[in-house]
Structures are given as C-alpha cells and as structure tokens.
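In what follows, structures are represented as structure tokens.
In the two complexes below, chain A is the common chain; its partner is chain B in one and chain C in the other.
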Partner chain A sequence: MSVFSRKFRDKTALFWMIISLVILLLMPILLAIGLYLKSLPILNGQSFWELISESDWKPMQGKFGFLPFITSSLWVTFLSVIIAAPVCILTAIYLTQYARKKVLAFMHPVIDILAGLPSVIYGVWGVLIVVPFISKTVAPFFGLQTSGYTILAGAIVLSIMVIPFILNILIEVFRTIPEELTEASLSVGATKWETIKYVLLKKAYPGIISATGLGVARAFGETIAVLMVVGNVVKVPSSIFDSGYPLPALIANNYGEMLSIPKYDSALMLAALILFGIVLLFNFLSRMAIIRSEKNQ
Partner chain B sequence: MKSKIDIKNLNLFIGKQQILKNVNVQIPENKITIILGPSGCGKTTLLKSLNRLTDLYEDVKVSGEIIIDNEDILHSSQDVTAIRKKMGLLAQRPYPLPMSIYKNVAYGIRISESENKKTIPQRVEHHLKQVNLWDEVKDRLNSPASRLSIGQQQRLCLARGLAVNPEIILADEPTSALDPISSQAIEEKFIELKEQYTVVMVTHILRQARRIADYVIFMYLGEVVECGTAEEFFTNPKEEKTKAYIKGAFN
Partner chain C sequence: MKLKKTEEIIFKALMYISVSFITASLFLIVFSIFYKGLPSMSWEMVSQTPKGGFYFGKEGGILNAIIGSLYLSIGATILAMLFGIPIALFMNVYLRKYNRFVNGIRFFLDLLWGIPSIVYGAFGFTIMVMLGIKTSLLAGIITVSIFILPIMVRALDEVLKTVPVGLFEASLSLGSTRSETAFRVFIRQTIPGLATAILLSFGRAIGDAASVLFTTGYTDHIPTSIMQPTATLPLAIFFQLGSPIEEVRSRAYSSALILTVIILLISVIARVISAKYNKHRIKF
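And now, the complex of A and B:
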C-alpha cells in the first residue's frame, strides 16, 4: 500500500470517529429542540409557569395543569432513592470491606442480572406482591384504607429497580479507594467501623452523590413498572398512601390516543420536555456536588 | 543493646504460599533498623505483621510470636487497636486522610483519647513542628491535606502517626515517591526521632540503608539471611547472598 493511501485511511478513520462523536452530542440537543417545537402550540396559549403550577387536568376543556404529574414523579422518585441509597451504601461497604473476594465475584453477575431484568417483570411483581402487601398490611397498620396502588408501591418497586444501578457504581467507588488509606486509619488506632465512618465514607462521598444522582435520573424516567402500581389518578398526592400519576406514565398511557383533542399531543410533548429538563437538572446538580466535594477533600 | 521487638519463629502463609519462613530477629530499642532485600522477599509483610495489618489479608495464617513489651501481640486476646496505636506507620506513598491538615493530625487523638479534647490544638501544633511542617502550613490548617506537595504530605502522615504517641515507627519505603530533598528531610527526621522512638524501615535502596541504618535485617525469599549491626553488615558480611546483594547482584 502506498504511503498516500495509508495516510488517507488514517484520516478517514479519524473522520468517522469525529462524526460519530458529533452525532452522539447532537442527539440530546436535537431531541430537546424537537420536543420544544412540538410543545410550542400549548406554550403559546399559556405561560410555562402557569402550566406547571396548575393542578387542573381537563384536556376536553383545554385545561392542562401539570402539577399532579410533576409532584407524583418527584414523590415516587425521591422516596425510591431514600429507600435504595442506604441499602446500596451498606451493601457496597459490606461487599468491598468485609466479604471475601469470592462473594463479591459471585454478586457481580447477580447484580448485572437484576439490572438487566425487563422492567415489566418488576411491575408484575409489584402488582402481585407489593400492592396487596400495602393494602392488606401496611396501610391498615397506620389505620388507613387503600387499594394498594399508591406512591409507596411505586417507590418500592422503583427502589428495587434502581438498586442494581446505584450498587454497581458504589462497589466501584469503594473498590477504588486505596487500601493504604484504610491501613493509615487503622494504624493510628481506629477500629474498622471508625475507619469506614470517618475515612472511607468521606472519601467515597463524591461517588455516593454521583451514584445517587444517576439513580434519581433513572428512577425519574422509569415508566412501565411504575405505571402498573402507582394508581394513575390525576391528583396532587398528599401522602405516600395516595395514588399518583407520574410524568412518564402520563405520556405512555395517553400518547397515540385522543390526539384529536386540540393541543393534547402538544401537552404530552411538553410533559416529555419537562421530564427531559428535570433529568438534565438532576444530572447537572449531582455533577456540581461532585466537583465541590472533590475540591474540599 | 536492649531489644524492643522480639520476633520468634514467625511463619506467615497466604493461602498455600509461604511468605515468611521461620523469621527469628530482635529489633533494638531506640535504633533505626532497616529491613533490606529485593522486591517480593517479604519485607513489607514482615513490617505489616508488626502492627497486625496482615489481619486484613484474605486467607492469612500466622504462627510464631512477636513480643513487644513482654507481650505477644499475635495472641488473640490482644487489643489490636491498642497495638496499632503503639506504632506509627508511614507508607510508600503519602495517604493523607480525606480531611483538612489539622484534622489529619488530630484524627488519631480524637478517636482514641476522648478525655483531653482541649489539648488537641497544642498537640497538633507540637507534632507538626516535630516534622518541620508547622511553618509551611500554619496559615492553612483548615485546607484539605491533599493540596500539599507529596513531600509535605509524607511529613504530615508522619505527624499523624506521631500524634498518638507511639513507641515505634514503622516505615515502608517511605521515600520511594519523594524527590531527593524531601527524601533527605525524612531520613534526617528519622535519625532525630530514634532518640525517642524505635524505627523500623523497609527499603531496597542500599545507599539509604548505609546512610541511616544502625541495625540491618537482610531478607531473601521470605527468609532472614543475615542480621546484625549496620557496621558489621556492610563491612564484614558473613553470608554469600549478603555479599552478592551488597555488590549489587540482585538489583
């Protein structure tokens, strides 16, 4: 092969790599622009602030208030991460600091399988186990009556789903902490728990934030499993035993139907845009938190 | 020569592999003892078994005795945290704890001595002065320790170890990541510190051993080949392997 043709191939390869990268970077931007353009009809009629702070959702009458969906999403998401994060942190600490290496080696594929299970399976599990458990056991314990299709059910199912994701990152976070740091702490007379509490958790803090942030972002967008157990009632929830209607469920349940109603598809596109924006915001916030805490270490 | 640490018939296995083979040595008090040998000979393992950091290894089996102040520290009834507190550890690279300069030094005092909280600032200052770091950091005690240079970090780690009033200083190739000037600072510090402490240091640098050693333990493949005073070791080695090592045959 001539020198010219070899150099040409070299350049061509590089060219395609850059093109791939550009496509990758353009995707979310194009997505956002597309959603924005599609939701313009509804945004032209009402202010954005009005739309997200109104709780009236009557498409037939042209009333589109997104507040019930946004609050439902926030409730389900935060509750699920509040359940999942401590479980993940404790498990990751046990697996990396206490368990034998064989146990960790065994757990890795198990976690990957859990992460790879289709979400509809978690949804069915939620309907069969979690929903009845809440209606027959948990709610009566608090003196309440409910069908079980609640924010709490959604959060429990969701927490089980995000655990493998958060856990995988946390295991990596704790594994990359140098053993010498543990030795340094132990050698001044600290116990193992003191070492974990004062040194390892502190060192892992940025990682814990980023893992939790990614968990939130994932939980926020999760659709099928949640909509199967959360009740899908349009109402701003006031307790975890209320039903809710998260944003992804709104889009999945209604898109493709009733699109003859004026502005209805535009409203759903706006729901998607809000979802997109909130996920982006959480990613951004957790990244900021990481940068700040890394500076302070 | 009074011995501080008395190691008797120490054997250490990790799984089926024997890392230390029947080690019998005495480490003299208030001297610098250098554990010398090519990499992979068990120097670090020997050092870490002195403060039982070898407990952290998986599948480790230890037999024999390590007697410090008339007590066998390998005996299961011993309080491991108290044993470790007796010994300051300096690792190959500095590993400052993820906290401020001040808190790094105060850490050991805070967790182990709950009584005298009021004296902590004075003690932190004292130990930072002890390692000649005070003047460099006194205006930024609350900034993260990771912002110090590597050489400063290593001195900080030494101060952190000294802060819990140990009797012994264990050092595992403490200058291997440092520039020549920082290395010299550590070596000079050790010579000063041996007045009050017993220093045990692992190194594979012959010249460093010549510069600061009072007593030398030479290891090869998990066994102690020869041990004795530095003078005798370097001028009149008895074993063939020692002679070869001093000439540079293993490096």
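And now, the complex of A and C:
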C-alpha cells in the first residue's frame, strides 16, 4: 500500500477524525479530574458543606468560606434572568407571531451582534452608563447612597448579555410548534391573542423553562463584565444595592497572588470546580427538558 | 369581549417595548463606546507599543495588545480547526447512519459550550503548572482553542447538516472513498458556511478575557516566539480601565472601540459571506 494510495489517505483521515473526537469527548472528564485533584488539599482539611456554608474568607489565616461568593452569584444571576426572561418571551412571541419580514431582517443582525459583543465591552458599558445611572438616579430615588458598583449593576449588565442567548433558544422553541395547532385554534374562532395565550404558550411552556435555565447557567459563569461593575466586596449581600463578589470574579481577581499563600490556589480551583458543576447541572437539566418536549410534539 | 381586546393591546404594547428595549440596548452600547472612545483615538494608539510612562498617561499605543490578540486568536482558531473540521465531518459523513450517536455528540457539545471560559482558564492554568510551562502565547493558544472547539464544531455541524443525502450517495456511488466525499464534496459544497462558522469562533477567541487571564500573562512587547507572554485586547481594556488616571482610562475606551470595530467587522464579513452562501450550492 503506497503512501499516496487512496485507501491509505482514506484510512489516515478516518484515524485523525477518531482521534479528534476522542480528545473532544475526554476533555470535560480531564477538566473535572484536573480541577478536583487541585482542590483536594482544601477538601482534606474541611468538609465540602462546611466550606460552602462558612462566610469567613481570610486566606492568610487559612479560612476559606465560600458563602459570600455563592450568595452573590445567586443574587446576580437570578436577578438578571428575572429581568431578561420576560423581555425575551415577549420579543420571541412578537418575532415569531406578529413581526413582518422587514422587522425580522432588522432584528436578526441586532440579536447576533449583541450575542457576539465581548464581555469586556459590556463591562466598559456598565462602568460608563449603568453604574452612574444607579448611583445618581436609581439609588437616590429609594433614598439610598451607593457608589453604583452593586449587585443591581451586575444584574442589569448581565441581563443584556443573556438576552440574545435566551431569545435565540426561545425563537427556536416557538418555531417548532406545529402551525396546524395554532391554525386549528384560530379556525374555531379564537382571536390571535387567545391562540397565543392558550395554545402557543401552553405548548411552549417546557421550552420556556429550559431556555430560562440555560440563561441561568450562562449568567452564572459570566466573569469579566460582572467583575467590572459588581464592586467585589467580600460580604453576604443583603440587598440589591449592596456590593457583591460572585464566584467567577473571585477566581479572576486573585489568580496573581494565589500561589504565594498556602491552600489559596486549591480554594480557587475548588471555586472553579463548583462553578463547573453548577453550570453543567443547569445545562444538562435544561437541555434534557428541551429534548423531551421536542419528542412529545 | 372588550376586556379581551384590551388585554391583547396591552401585551402587544409590552412586546413593542421589549423589542425596542433590546434594539436600544445594542445602540446604546455601541454608541457609548464610540462616543467615549473616539476622542482619545489616534494613529499612535494602533501603531505603537507602550512607551515608558504609558500607564501614567504618557505616549505610546496598544499595538502590542492588538498584535497579541491577533496572534492568539488566529493560532487558537487554526488549532481548533485542526480538530474541529475532522470531528464535524466525521459526524456528518461517517456517522450518518448512527443518528442516536450523532445526536448524543451534539448534546455533549451543547453542554461543553455552556462551560464558562473562566473554568477553561483555571483548567489551562493547572495544566501549565503541571507541565511547568510559564504564562505564554502557547499556553493561551491551547486554552482558547479548547474553549472555542465545541463552539466551532457545533457551528460547522449545523452547516454540514444541510448537505443533501442525495449528494452523499451520488458521490459514493461514483466510487469515491468516504474521506474523498468528506473533503471534496462536503467541504466544497459548504465552504462559505464553514468560513462563517470559523469566523464566528474567531470572534469568540478574540473577545474572551477570562480564559487568557491566567494563561497568556501581559507584556508591553510584541511577542517574537510562542513561548513568550503576550498582551491581549480585552485585558488591555480591563487593566487600563482600572487606572485612577483619567488619560489611561480614556485610552481604555479607545481600546474598547478598537475591539468593538473588530467584532463588528467580523459580523459584517460573516453576513456578506453567508449572503452569497446560497448562490453556488447544488440543491435537490
């Protein structure tokens, strides 16, 4: 078999394809193992539950309590999705049910560009517009004083970032609903809005929940943009006008000094592992739900 | 009856508000970056590396970050293509019959896509420590390529999926091997779409900050070898914005403007390519 024979080339190509696929499939497993091994030193000292329920974060004294970071992450994430989800649902209904072709042709690039903007750009925008807006307009309205670097700022920036992501999935969800269903509803005399409310939304309900879940996962892992506007104060936040310190920001902010303090690097890798686990779980559940609801149709 | 009508009107109004909100957000972001970035934009910014005192507002530019970002994302995109294209072809040419398996891979890729880039960054960092590699362009390229691989494969897969079965069968029936079918028929059939998919991955690579934070380091020089650390645009923006000095901060806005323009350009090019996409395709 010569080197240039077709058969040989065919075999080589197949070999390379299989190798590539195996590497891809092994990647997340390696990732999980690598992060787990690195976070072992800290897990040996304390139990996992102790670590995530403790709010004392003093690396110099060997105290690593993740509670402030986890609660900050939860606040920012859920607040952002609460803002983003209704906007996305309404827009998706409009774009799939009402909008004319011209509007669609305009909105597609808008959504794509929003999705493509780097997170650091969102961060700059947050610092330029959202933070001053909160410190000068929103907080005084409630009779409060803040620098503007708050959970709320993080959530607003984040909500704009996850909108294109949730919206794209929702549009997909609404499109897969068979047209006969809505037509049947219209033909028995229901108005367009009644059809949307009683047929479309009911059918799309699992899809909407899944899209929101994927949005939560996306928001949870977002790093730079949130880090730039959220204030980064180690404290369990008690209101949306408090500063927060989400998990990804913790990892990103301390990579420089983590090798000089014992167990610090291990604690940060544990943070990455927690992040990985939570995001993977949310993704998995949401994707499964989408697949299941598609099968039912 | 009247109540129903008002309900529809209210919700339609809310829909208009939502659509305008999204559109306005985009324009507000782009406008504010241009508005703040243009005043301190200069030829110096894009043609010089930082000189002494740059971080106190003295002369220099961010050429180091622009070139560094291009090296990094071109390197990462090529490395990801080396694995991504074969995987996507394998799924669509070789595994055509095994629908369940292919759908399983797609599901898996979607999961990988969701993993935050900071986790890849942390992972890349642990590997570097294990292998004893210092922060460098190479470490950054490897980390970023791992991060964009699932995105690229999924995008390529969406394009290759559209190749009609008839074409696949015709190619095989004429006696070509499966790899010939893959590289000569599938790729040729979908080149514009593939190019778009790769461009989008490139855009991801150039814009991401969290995965390079640990791995590429930061320097004022343009790297001359892949073992040297390098500056990147997102980090240049991030670091300069944290400065207390007004001039440095306004340079962060100009740097943000440069990155935004690059991303907008990529998006326009991708759009132009995919507009031509449907012209030269064999349809069944």
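Here is the rule we go by: the second predicted complex is superposed on the first by the 262 of 297 C-alpha atoms of A that agree within 3 Å, B and C clash if a C-alpha of one lies under 4 Å from a C-alpha of the other, contacts with A are read in each partner's own complex, and residues count from 1 in each chain.
As a working rule, a contact is a pair of C-beta atoms (placed from the backbone, for glycine too) under 8 Å apart; a residue touches a chain by one contact, two chains touch by 3 or more.
If you're wondering where the values come from, they're calculated on a predicted model, not measured in any experiment.
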Please indicate which partner A:175 is in contact with in the superposed arrangement: first for chain B, second for chain C, both, or neither. neither
Tell me which of chain B and chain C touches more residues of chain A. C
Output check: A:272 vs chain B and chain C. Expected answer is one of first, second, both, neither. What do you get? second
Quick check for you: in the superposed arrangement, does A:136 touch first (chain B), second (chain C), both or neither? neither
Is A:203 in contact with chain B, with chain C, with both, or with neither (first, second, both, neither)? first
Thinking of the overlay built on chain A, is A:183 touched by chain B (first), by chain C (second), by both, or by neither? first
With the two complexes superposed on chain A, say which partner A:194 touches: chain B (first), chain C (second), both, or neither. both
Output check: A:123 vs chain B and chain C. Expected answer is one of first, second, both, neither. What do you get? second
If you stack the two complexes on chain A, which partner ends up touching A:292: first (chain B), second (chain C), both, or neither? neither
Which residues of chain A are in contact with chain B in one complex and with chain C in the other? 191, 194
In their shared complex, at which residues does chain A touch chain B? 100-101, 178-191, 194, 198-199, 202-203, 205, 295-297
Please output the residues of chain C touching chain A within their complex, sorted ascending. 4, 7-8, 11-12, 14-19, 21-23, 25-26, 28-29, 32-33, 36, 82-84, 86-87, 89-90, 94, 105, 107-112, 114-123, 125-127, 146, 149-150, 153, 177-180, 182-183, 200, 203, 206-210, 213-214, 234, 237-238, 241, 252-253, 256, 259-260, 263-264, 266-267, 271
In their complex, what parts of chain A are in touch with chain C? 6-7, 9-10, 13-14, 16-18, 20-21, 23-25, 27-28, 31, 34-35, 37-38, 86-88, 90-91, 93-95, 98, 103, 107, 109-114, 116-125, 127-129, 160, 163, 167, 191-194, 214, 217-218, 220-224, 228, 248, 251-252, 255, 268-269, 272, 275-276, 279-280, 282-284, 287, 291
Residues of chain B touching chain A in the complex: 48, 51, 53, 56, 58, 81-82, 84-85, 87-89, 91-93, 95, 97-99, 107-108, 111-112, 144, 146, 157, 160-161, 163-164, 170
